């Protein structure tokens, strides 16, 4: 089927002017083709004999389809081979997007997609992927987020981008700021007014703030940066102590099986994958939080809101002072190896000042580990609006009674500071017991 | 590996893990981890760099040999 | 070494001096347009040049915009450096095909063979009660076209300094001169030379709001800034100078300081140059904005004849002040 | 070995053109004809795309006018330009590669059939806007005149352009300023689907052109010798400062306006009648009668052309396409962007 116009994709054979056996010459009109616009004579570009008419009168076929077979005379003419029939440039388009073969298991969810889903508070279970092979794409997650009301805080308050950025920097929760802009929108001045000198700023907004607050931190001089960080910590801690009725529980946990299991595994692992005790403690703390959800979530609008997943905040002390608590997302689900590399990555980036705003503001429970600094135990201050903080002291050799006999065993003192508005000592105790049980069966931490 | 090469490798590893740490000011028999405030992650990174630089496999059982500068040099140079 | 000596002049004389200098320095340069010779130029910019350079290089043309603009393109393609004057942007519509389909496109279409080192000057804008067909401000249309550059000299320095670098440019450059500027008086360095034609300039520094404008509305914007000072609002005024390419860096740096932007453009709002600048601010400086970007443009009406209606239609200092107050809040 | 490219014939001998000269005229007409026929084939196979306007039937005009031009003269053409480009000397491979949109094309593949450029040969392109090339042509002529160059700018356009305002503006300006332009109006009787008598109150276009105060002659566009003779006379006058001249070359296109229109605007009988005056067959017949051409020479000429065409198609197919990364090059010149 010849291309008979710039905008022609298919054509209909209106009439054959030849029949099999006819002799034809180059340039002879052999058929009449109906394009969308008009009936047009189609000519032959070779001299020869009509062998067979393949496409019949009235049939519509795309450009390039072979209409008839013409045999060329045997004489060795230097005629070139006829152009490859039926393969016009246009059809060599890239293969269409291949849908997943039915029945094949959907590909695993990439960490990036999980992180994005978490940022938007989207539950990935049962979400159909539009990517190659049914994989979930960022767009799928974002569409899912747009379709329903974000979990956590109420409707997103109307604030200018500048106001959001300053609020993130100063640790001000927009929910607590009254806007004086058009339509009651919050503007920079409103945010700054909401932070009177000395009085602690209300806690960060639980819904993850979008603005890259740390870049604002990084943009200024180091001295300025530590001063404003100190101010932010001061405000947060003062508010925590003022508003949260802390209760504390502690427990000494035998680390023998955990450490020997770890050393055994480390023998087979390359240096870069080798585990440290902190990774085990972190994983256990996360799994325990999943088992005892009462400690994992936020205190907002005078009620406890349990979080869907466990995002474990990690208290990281910076060289030369200062503290950041970035979160490891889905710490309960992440395999131990990924948790280890995630922890190393967070520490390096925290100390280099290259954390993203979203990482800093969405922990559902925080862990602090001062064992390296040699203290036996730590009773921490909860990060509002979270409702619990788990603490670990130094792993030390201590005389312990086991089965009636005295033995020397590596042990660690684990503590929990919890918000008595959200839970009672009973829940705190159940959490530490769960933590201890998990550390006795390290295989489950994988 | 000669003691000098070992010392040089340790100095480079410390520089990369704790850029602001003052190795020179540390007594050869002083504890490296305390003196340089290396936590377990820093120390793991320190071991990782040493393995890359010297090609020596260092298992957890070898950690005690790396407690001080002097012992580390002896361990690496000892072969 | 500039002698520091200053001379009193006008925008019109500054542009004339620029043309004279270019024609003296480069014999490939010549001026072509309706009534540029014997009549001395519809706005008297080329007064006296016919007597000085003769009819071969100061060429009056018949009223055939497509022909003489196309001829300018052909002559440039063949090695000359023509300055084509289209009396006003209103008549340039008759030559828009030559400007778009030939001047702006030949280099790309010919695979890099055909350069068109041409300068086209046009008067633009309203404000003299000449009614709908003579009062258009269509620079925005031309800034839409890749392949040409668009300049808007709003000061004596720029009127004197932009022509020579525009002529040196191997690609077509359009220079829009707002009709209200020709009589503007002022002082200029006697040896004032070429100006940069790539960047915007901050004509008044300020920290509370960025007033972004060009050409005929610069003076109105500066006076609005003065009025705003009385309200305690410290306005920054940016003169775009180059409408294509736009100097994004200067615009975004200013918005990053003031966190508020008002764009003043005599064109109609829909699909205007102001719309393009606003879109770029939202794309590149979104997190700096403490208020939506505001625009002060002409009312979307054919320009009326009566004075009071024309003034109501055009951007005025009062409307700029109101818009600035709105965004500063 | 006959000259491979369509290089313009060497300065023809001063005296009456000899048989050798006529053989070259015939070869150039055949070059155009076979090139256009190959385009039909390639277009039907969808190997070349877009709009393609064929010159079959009008070959005598391009070949004849080209004989009157020197290497220093300039040409501004229209979208039916393959013939003008080939006889001007743009290599066959470069024109074919341009049809394929390849970087080895004479416009780097950027222009296609309607925008062939070769500035070294002063071929300032086809122009797809009807009448759009006329202002450019008078501009080039203006530049030549201002620099005292004795050169001619030949400007090709069709009868359709005569209805555009630009045509009248340019004719007047060229006459007013005595610009060295040779206006070549290829009157093939149809502006796409509108016959000239349905578009022009006065269809004698030479008469119309004369009203602008320039010499204007009608010429039989199907007779290559007549075209050459008229073009020489006009070009020499223009070059000598006689101001612009206008040739109305009355010719006819045997195929559709562009790839493919149903030609409802004319009946087949008219086409057949004009085919009797096919410029190539008439010229071949007269050369045979004068004993200047026999079958073997003709077959050799056809064979050489067929091989050159196949080679150009093979080269074009194999030539590289422009990398997408170069999309924005040549929007502005490098040093000025």
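A few points about this structure:
In this document, chain identifiers A, B, C and D correspond to the written order of the chains, with residue numbering beginning at 1 in each.
We take it that a residue touches a chain if its C-beta (ideal position, glycine included) is under 8 Å from a C-beta of that chain, and two chains touch if they have at least 3 such contacts.
Because the structure is predicted, anything quoted here is derived from the model rather than measured.
Taking the mean of C-alpha positions as each chain's centre, the chain lying farthest from the centre of chain D is B.
Averaging Cα coordinates per chain and for the whole protein, the chain whose average falls nearest the overall one is C. Of the two chain pairs considered here, C-D and A-D, the higher C-beta contact count falls to C-D. Centroid to centroid, with C-alpha atoms defining each point, chain C and chain D lie 41 Å apart. Averaged Cα coordinates give chain B a centre that lies 82 Å from the centre of chain D. Centre-to-centre, using mean CA coordinates, chain B is 68 Å away from chain C.
Mean C-alpha positions place chain A and chain D at a centre distance of 63 Å. Chain C contributes residues 30, 56-57, 59, 61-62, 64, 66-80, 97-98, 101-102, 106-115, 146-147, 149, 169-171 to its touches with chain D in the complex. Of all residues in chain A, only 2-6, 27, 35, 37-40, 42-43, 45, 63-64, 78, 80, 83, 88-90 touch chain D in the complex they form. Every residue of chain B that touches chain A in the complex is listed here, in rising order: 18, 20, 37, 39-41, 44-45, 47-48, 51, 58-60. Residues of chain A that touch chain C in their complex: 160-165, 180-182, 187-188, 211-212.
Per the touch definition, chain D reaches chain C in the complex via residues 74, 76, 105-111, 115, 117-119, 124-125, 127-129, 132, 134-144, 146-147, 165-166, 169-170, 172-173, 176-177, 329-333, 335-336.
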